Amino acid sequence: MEREHLKLVIVGHVDHGKSTLIGRLFFDTDSLPKEKIEEVKQICEALGKELEFAYVMDHLEEERSQGITIDTAQTFFKTEKRDYVIIDAPGHREFTKNMITGASQAEAAILIVDASEGVREQTRRHAYILGMLGLKQVIVAVNKMDLVDYSENVFNEVSKQTTDFLERIGIAPTYIIPISAKEGDNVAKASDRMKWYTGPTILQALDTFKKTEKRDENPLRFAVQDVYNIDGKRIIVGRVEAGTLRVGDNIIVLPTGEETTVETIEEFLKEDVKEAPSGKSTGITVADKLFIDRGHILYRKGEKAPHLLKEIKGNIFWMSKEPLVVGEKVVFKCSTQELPCTVKAIEKRIDSSTLEIIEENAEKLENREVGEVVLSFSTEVIVDDFNSTPDLGRFVIEKNYNISGGGIITHLER
Amino acid sequence: MITVIAIDALEYNLVEEFNMRNLKQEYYGKTDISEFSEPRTMVLWSSFMTGENKEEEILAKGDKEMWNTRIPHEETFFSHFENPFILDLPGYNYDLEQHERERRLLKEFFMEKDEEKKREIRKKYNENAFAHHRKIKERFLEALEGEYDFILGYFSVADVIGHLNFGNRMMMKMIYRDLDEIVSQVEGKKIVLSDHGMKAVGVFGDHSEYGFWSTNFKELGRPKITDFKSIILSETK
Amino acid sequence: MDYLDELESKSIYIIREAYKQFKDIAALWSIGKDSTTLVWLIRKAFYGKVPFPVVHIDTSYKFEEIYEFRDKWAKKWNLKLIVGRNEEAIKAGMGPHMGKLQCCTALKTEALKMTIDKYGFKALLLGIRRDEHGIRAKERYFSPRNREFQWNYKDQPPELWDQYKSKQEGEEHIRVHPLLHWTELDIWQYIKRENIPVVELYFAKNGKRYRSIGCKPCCSPIPSDADTIDKIIEELKTTNISERAGRAQDKERAYMMQKLRALGYM
């Protein structure tokens, strides 16, 4: 039986203990090569230092940067239930783009907050990004409890502070756990120094999380990527973004609105494929010779149709040194659609580190700011509710050929 | 008052890669040791303390005797100070026995054919170097509390460990981090100086053809090791 | 879909995106397990009709088995194979004895540059994985390089939700990494499931096998009894040996002794 993998991202303010927690998770689950730890331990002893997990992680990072092949054991840690793949997401504000790139692939997140420092600039920004990425499985780890004498009061204060602001951005953390990554409290083992806490450890909490929901049962959405002519066959290739595509399905092509039937599902070296589940990159042939091209979306007749809109409203996280300016034309990319749009309005401009509104009806959105924006199109764009079909409910904005912003559509009605 | 942290084989490129802020201080760069035929430890430190190129003189002693060099106090710029503290400096007052033991184990390592025994020798060699380093570090930190008008601490760990382990980035990084911490505990004007750097030969380390310098008070450009005598004396006048 | 299906679907999606954007594209095939898996996925993406060339950079120092494998499967799979060689340097006697770095630069990097120039490729598909490379979070699926193959990783645009950087005039070329999210173990499990052929050198013979293959003089086998894919998978799952083994250490030792003598240490 193949083991399940869950992709996990750990974020938080710099120095709040991210790499120590990663080291502790690896260590306590026996996922680190013994001789590596032994090696680091020996050098620590030789230098008269205490062993810190950060050193072990540093060691692995060094080896990786030297191009030394890393054993597979080091890229994930295991519990009895499944394997966890840790996706790297750097904390510094200069690396926000890398953080987003990493976190956008995660299925669950740990937001780490230093008990002695509380919520800081990056805590807020990272939390906002988790929300924007649609991550619902979030653990808040209140770390460095050893520095505050494992005090319940401090924990309560920090949790309140954290949940207060998470609430404002629409995140309800699944768990809030007091830990000491350095000492190992409540990471893999329940702490006997915090008897007042009766909730799960980090590992127990992680094991309750689910793999990204399968969307096989949702209304069908097939995004056309390209059309190939293979041995006289016209194969429409693309990805099932939601639902399950089946041979014989009556489908409607958007934006043209034409109807046809799925004749075959084409996969290399496979015959008689009957269906393609959500997430599958595949190809189909259809009964009628219709105009079908990249950016078209197919859905099943009789099911809920996607929306065709000339104007959308969404929340954008901007991540380019060149600002987004009202009135300018930028490129809108959503699933396989790519079309020009005009920035009609920036209704709110928000500081991602404080989450305060800087300005209403702003002219510009600067680097690392969040905006509620209205975008307008000259032709109709095919979009959907983010929760049912994430791939049609989120988009990126390209400016000067570079991805400069990512956003979620918030209003489908015009 | 000025403190010199003399670090054998501190490599410019590694300081940069590991981004060791205290080792770098405000101003840092490479020294020019191209006047010497080979980057030899004893030659370089002897030239440093006298402000003169001592290559010919030291080499004339032969490979064995050269390690026993003791330059008289009056010939060094240390004699310009009333109460200097010089710790374990080669060519002046370093622990002959300790450093000879290092060289002996190094030789044993390379002469040994048996892999198992080699491992044992390497272990002993490393342990010996680290033990010495811990001792030197302690004495240096103590000296910082003392009433001296000049302090120089010499740290051999990066060189000694480097020769057999330079390819072990973890070990080197931990050592650099430790040295970085030592520098961070020094107050006032300070100079970090190495005789030469180090480059990797597989897992081993060979001397590189430049040294490292850094200060917290002055840009030095690309100084020669013999320039430091006048730099230090003019800063303390 | 199971885990391997997910990996596969994402890679095929990226391959198709790359081809949609760049018609002047080629895949780099080192004949190793990763790039052979990449070629396999490309075949899947295009239903066996690979629409662009597959480039093998030949240093002339490769294992015999590599050349045999290349020619056999390039023919069977009907690939447009381009072999890139820096003939001038090979004739001049360039080899690892002149310095590993110099050798790699001349016979790999330069040869690749020459091939790119000759055919005018705007994009290259490569089989690199995140778990084998440093600075992991920094690598992207679509990664622009300049003329000197340099990569400005400090300021690259983000990549999210399967949206990749668009083509830009004046950019030298883009590297596309469809296998970025795979691990070494994933590759082997997929090879097993799909029955993908790999060079025999990966399998143990007389207690040794190669974990990665390339040029003969610079590769050394690791001790292993894994002579089947199943055993390799088992080995990867259980062992913790880092792969610093072998590697021409004797030469280094001899050189080091000589240097230490010159410095007066021995």
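A, B and C are the chain letters, set down in written order, and residue numbers restart from 1 in every chain.
Everything below uses one rule, namely that a residue touches a chain if its C-beta (ideal position, glycine included) is under 8 Å from a C-beta of that chain, and two chains touch if they have at least 3 such contacts.
Note that the structure is a prediction, hence the values are computed from the model and not measured.
The chain with its Cα centre farthest from the Cα centre of chain C is B. Annotation: A-C is the more contact-rich of the chain pairs A-B and A-C, by number of C-beta pairs in contact.
Spacing of chain B relative to chain C, judged by their CA centroids, is 41 angstrom. Each chain gets one centre point, the mean of its Cα atoms, and the points for chain A and chain B are 49 Å apart. Between chain A and chain C, the centres computed from C-alpha atoms are 28 Å apart. Of all residues in chain A, those that touch two or more other chains are 63, 66. Of all residues in chain C, those touching 2 or more other chains are 244, listed in ascending order. Shared interface positions of chain B, i.e. residues touching 2 or more other chains, are not present. Listing the residues of chain B that touch chain A in their complex gives 126-127, 130, 133-134, 137, 169-171, 173-175, 178.
Residue ranges of chain C in contact with chain B, taken from their complex: 244, 247-249, 252-253, 255-257, 259-260, 262-266.
Across the complex, chain A meets chain B through its residues 39-40, 43-44, 46-49, 55, 58-59, 62-63, 66. Here chain C touches chain A in the complex through residues 1-6, 8-10, 12-13, 16-17, 19-20, 43-49, 131-138, 140, 156-163, 165-168, 181, 183-185, 189, 211-212, 236-237, 239-244, going by the rule given at the top.
Note for the complex: chain A touches chain C at residues 2, 4-5, 33-36, 61, 63-73, 75, 87-90, 95, 97-102, 104-105, 133, 225-226, 228, 230-231, 235, 237, 239, 266-269, 277-281, 283, 294, 319-320, 331, 333, 338, 390-391, 394, 396, 398, 400-404, 406.
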